[in-house]
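Letters A, B, C and D name the chains as they come in the text, with residue numbers starting at 1 for each one.
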Amino acid sequence: MRGNTFGKLFSITTFGESHGSALGVIIDGMPAGVNFEPTKLQEELDRRRPGRLKETTARNEADKFEVLSGIFEGKTLGTPISIIVRNTNQKSEDYSKDMYRPGHADKTTELKYGHRDYRGGGRASGRETLTRVIGGYFAALIIPQTDFMARITQIGTKQFASELNFQESNESKLGLSEAKFDDEISNYLLDLKKDGNSIGGKVTLKIYQPPIALGEPSFDKLKADLAKAMLSIGSCVGINFGIGEDFTIKTGKEITTEQSNFGGIEGGISNGDTIVMTLSFRPPSTVGQKAKEGRHDPCILPRVLPVVESMAKIVIADHFLRQNAYQI
Amino acid sequence: MRGNTFGKLFSITTFGESHGSALGVIIDGMPAGVNFEPTKLQEELDRRRPGRLKETTARNEADKFEVLSGIFEGKTLGTPISIIVRNTNQKSEDYSKDMYRPGHADKTTELKYGHRDYRGGGRASGRETLTRVIGGYFAALIIPQTDFMARITQIGTKQFASELNFQESNESKLGLSEAKFDDEISNYLLDLKKDGNSIGGKVTLKIYQPPIALGEPSFDKLKADLAKAMLSIGSCVGINFGIGEDFTIKTGKEITTEQSNFGGIEGGISNGDTIVMTLSFRPPSTVGQKAKEGRHDPCILPRVLPVVESMAKIVIADHFLRQNAYQI
Amino acid sequence: MRGNTFGKLFSITTFGESHGSALGVIIDGMPAGVNFEPTKLQEELDRRRPGRLKETTARNEADKFEVLSGIFEGKTLGTPISIIVRNTNQKSEDYSKDMYRPGHADKTTELKYGHRDYRGGGRASGRETLTRVIGGYFAALIIPQTDFMARITQIGTKQFASELNFQESNESKLGLSEAKFDDEISNYLLDLKKDGNSIGGKVTLKIYQPPIALGEPSFDKLKADLAKAMLSIGSCVGINFGIGEDFTIKTGKEITTEQSNFGGIEGGISNGDTIVMTLSFRPPSTVGQKAKEGRHDPCILPRVLPVVESMAKIVIADHFLRQNAYQI
Amino acid sequence: MRGNTFGKLFSITTFGESHGSALGVIIDGMPAGVNFEPTKLQEELDRRRPGRLKETTARNEADKFEVLSGIFEGKTLGTPISIIVRNTNQKSEDYSKDMYRPGHADKTTELKYGHRDYRGGGRASGRETLTRVIGGYFAALIIPQTDFMARITQIGTKQFASELNFQESNESKLGLSEAKFDDEISNYLLDLKKDGNSIGGKVTLKIYQPPIALGEPSFDKLKADLAKAMLSIGSCVGINFGIGEDFTIKTGKEITTEQSNFGGIEGGISNGDTIVMTLSFRPPSTVGQKAKEGRHDPCILPRVLPVVESMAKIVIADHFLRQNAYQI
């Protein structure tokens, strides 16, 4: 009831403060007998890791995970999978008890609980997202035929192709939809960092070959659950399905049938076509950085991509199991 | 698990197909001893009613409600409140078994269940939203100090003031943020209707004086639950908090502290300031209307306003009770 | 969160006070396309009906149900099924505002809510159980191969065969496991009634041919969920699985393997064998009856049998869907 | 949905196999700012520890816990508390892949998942109960005025006083309600152990000074949730509230008002008086012990007492928060 669990039949329950002993996740609802490949999970975690790119944050933690339960002889047991990642590189002196960083949870955490771990972002730290990536790794194993692709399609005023191309975008080390802009954006981010400034942008997510008939007709429409999943990411400030702004200015006759489905959702339920959405992210708060030499990103978009994909994987896997339950 | 319940401590469970006997809602989690005023509930329902405006739909149902339980001597009992609204004006001949209206749930309902009530939108009909308005009426009684105001700030390419003004916008019978555009928009919608065409637009929602400390730091951030609530409305295709698009193009230094809070949410938790969001709605599908003389709106925005407010009321009331639970 | 919903994937949400307009139930999670037979549902309701037997209560209501949603052309739609039963025969003058019947919820309802419908048992009335019987009817359709049989095996100090025999016990109009005792017990109950007295007893429930692998290894053991289901029935004061008292006095070596499984549950999970449990019921409170001429039973056991079977059906159907969800 | 979470507003989510790396628990819903005393938690864990008594099991593990999150500067943060206990003393050679111990989950786990950790009881091991004791420790902090006392009132055919006396029973190192029988029972258990035999019995639980108005009138009656909690303990085969068997043989007039409330529950809701229940436990299965030299108890009752108390603490704390939520 305190919002630390996400998902119903496939769920993740996460815990951990950024400056406590460890972060962790319990994956509940993983079917039994599925192969677990530790190196693939590590790869996913490394995509999210701070310090991977010189353009982003300086906090360089290994994020080595330890499996505590739920796996035996390389396969899932069907019992809860518990995985923890130790916190090894905290510099709590970067923070102070009386500093409330604007736009962060510092003040509201104090309002809510009256007692907080002031050494960092606590529960609301971006570091919490590593537990989501672990969850996403397992979720994807439930729906192996479905591909998830999140790419940066806008940073500040610079826009990149919204038509995602696997090959081209995979070459971008920043996760841009067009690799050829890597150098330009890299320099732009380094300049912002030097200046103590920051920038937001947009991420386009495509879900290829989703199972059909996922989502429920009333409150748990697939778009509703995807929206909650994405807006639960700290810096995400908006989500728009399909053609976005065009939905509000074009007349009904100007919108094609395919467009009106957002590619793949009709009446809240997937029809099997590719699902498309665009997420807006705000720039990281800069005020706290002035006060103390923090280790924050000028732009969180490159690191947020695996988190976006993971949340989508969890939603789709969960709804897949929900739909499967009633096929008797 | 089939998504017919929304909310945790304050919840609504809804039922009913558009062409069945009745629609209804169970409100669970309503505190006891609260005054129930039937005329006020009827007023809220009337705001949503089709046929209220000549510019919109022709389906003119009275939407008279009946209370089956949970109220005694004019006060809530603390037990589940059940309220139904009979369907009295269905014209099922407007629809046919083999017609799948694009963008509607017709085809996906068939995919999902293999058996559907083809006489109308069934469970996914816009008519279902009246049950949400009933839920919203009761939710608001839990948080009487909080005001909710949804107004149309864009229809097609025409934009209206995003700074909402109670007095001015209350004069607009269409629910525009600026009443002076009523005639112009009224004519525009009548033309679209005549032409079998339709239009979408934007709605701005403001939540004034919300309780502080609502929302949870991880998955149940207030913005996440509001996003789910809004995207569970059929035609809603996007949500953007605070300054919207500006978040993606301005640098961190260009964004004021107040803006970065979306007015009132920091780290997913309310700080007591006004909460602001903008919702995008697509135009109603026009293809089905060509095939048969349906009774659909050229624009659902005027009628969606009480639904938007109601979903917000339910989210805020639910989180208020959640937060209250832990104040021991 | 106020405990008006039971079940997870197959759930019933119930509402209604004994002296309000109606009682009702929403069945959520019913698979689509299943035949609904109104006469069979009515038969189940009639088994529970007060006034059916002269030995029990005098309140004689027809309990005619009305389907509001979820059924179309004689088949389930997969959407929530809502069914109501109007209250037609309330005699609220039997009760008074200031009377707290001991052992009933009168006083605790007042303590809990501060406002109650004093005209009868309100939400906690035995009449609420008719909504469970409706839920049980649908649950059974999900697991057609499984049989549920509840029979009275003890009334007061009189014991009947605990080995249930379908043919013999079906001949008992009181629901005794041995029909030959019907007259004796009938006279005994009429004497108690005349005397303003009451009696409890025991019910044995057998679940034949349950699906295998139902129940979860930790908190949602099948025996745990069955126990909750049964103890949620007002007068039920105890549940014992398998050989009951013998478990506490025999040594491990004296208990056969089959006995230690309660017939069919090992480690909380069904193995396919018949599941056996015995329920204890206390006599209805007699104090209130002295004060006013109520219409209560001297013994609720004959009428509780379909309620016991229905709660078991809901538990088994729910766990069946839960297990089915993970078979991918 | 796989039953690894118990509780709604105060919940524990547990994980871990008996022969995996660690067992653990996430406590969610703990209010912030409450003092945590590690030594008191260790004391509770030690009461449950195998090997504490020579009469019981030989498995002697330290059960040292590690707090991973949710505590800062000696106080709860309001965020999820995660605590793990490493497995250090597993002897997996005691078990074999093809051995299904009767009455255990071995066979049904295989049926359910098709893949199991055959080195021990896996998820269904009695060792899992240590996570419940951790949860109970925190639950008790929410309701400090309430006392929980579970004592052994029967072992085999030997009965002890059912009127619990704190001072007298605290002197019993076996947890008997009468300390004077310690030597006799100790010798009896040692004989059973030598003989490869085992015994069950009964535990009486009293809840002193529970908060009033806990429990809901329909499915979540306090007795229903307590029954589920207790029957989720592996060896528990029955629960009887109040005067137990006497409820089934005495007439309504023979039962006093206080008795009919089980001491403290009317209509499913607590009235503030002491709540009383008796639990039946079967003897541990003896068949597996013949096959291999296991390390199992001849009698689990002495060790189950803190588990029984802990489950009751969790139920009461959870319902306390639920009731508190609606006091606005």
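Annotations for the structure displayed:
Everything below uses one rule, namely that a contact is a pair of C-beta atoms (placed from the backbone, for glycine too) under 8 Å apart; a residue touches a chain by one contact, two chains touch by 3 or more.
All of these numbers come straight from a predicted model, not from anything done at the bench.
Counting only chains that touch, the fewest steps needed to get from subunit B to subunit D is 1. When the C-beta pairs in contact are tallied for B-C and for A-B, the bigger tally goes to A-B. Here the spacing of subunit A and subunit B, counted between their Cα centres, is 27 Å. Taking each chain's centre as the mean of its C-alpha atoms, subunit A lies 46 Å from subunit C. Distance from the subunit B centre to the subunit C centre is 39 Å, each centre being the mean of its Cα atoms. Residue numbers of subunit D whose C-beta contacts span two or more other chains: 1-2, 4-5, 8-9, 14, 29, 32, 78-79, 112, 122-123, 217, 322, 325-326. Across the interface of their complex, subunit B is touched by residues 9, 29, 31-32, 78-79, 142, 217, 320-322, 324-328 of subunit D. The touching residues of subunit A, counted against subunit B in their complex, run 1-6, 8-9, 14, 102-109, 111-112, 122-124, 128, 154, 156-157, 192, 196-202, 212-213, 215-221, 223-232, 234, 237-242, 244-245, 247-253, 255, 257, 260-262, 266-271, 280-287, 322-323, 325-326. Of all residues in subunit A, those touching subunit D in their complex are 1-2, 4-5, 8-9, 11, 13-17, 20-24, 26, 28-29, 32-33, 66-70, 72, 75-82, 84, 112-117, 122-123.
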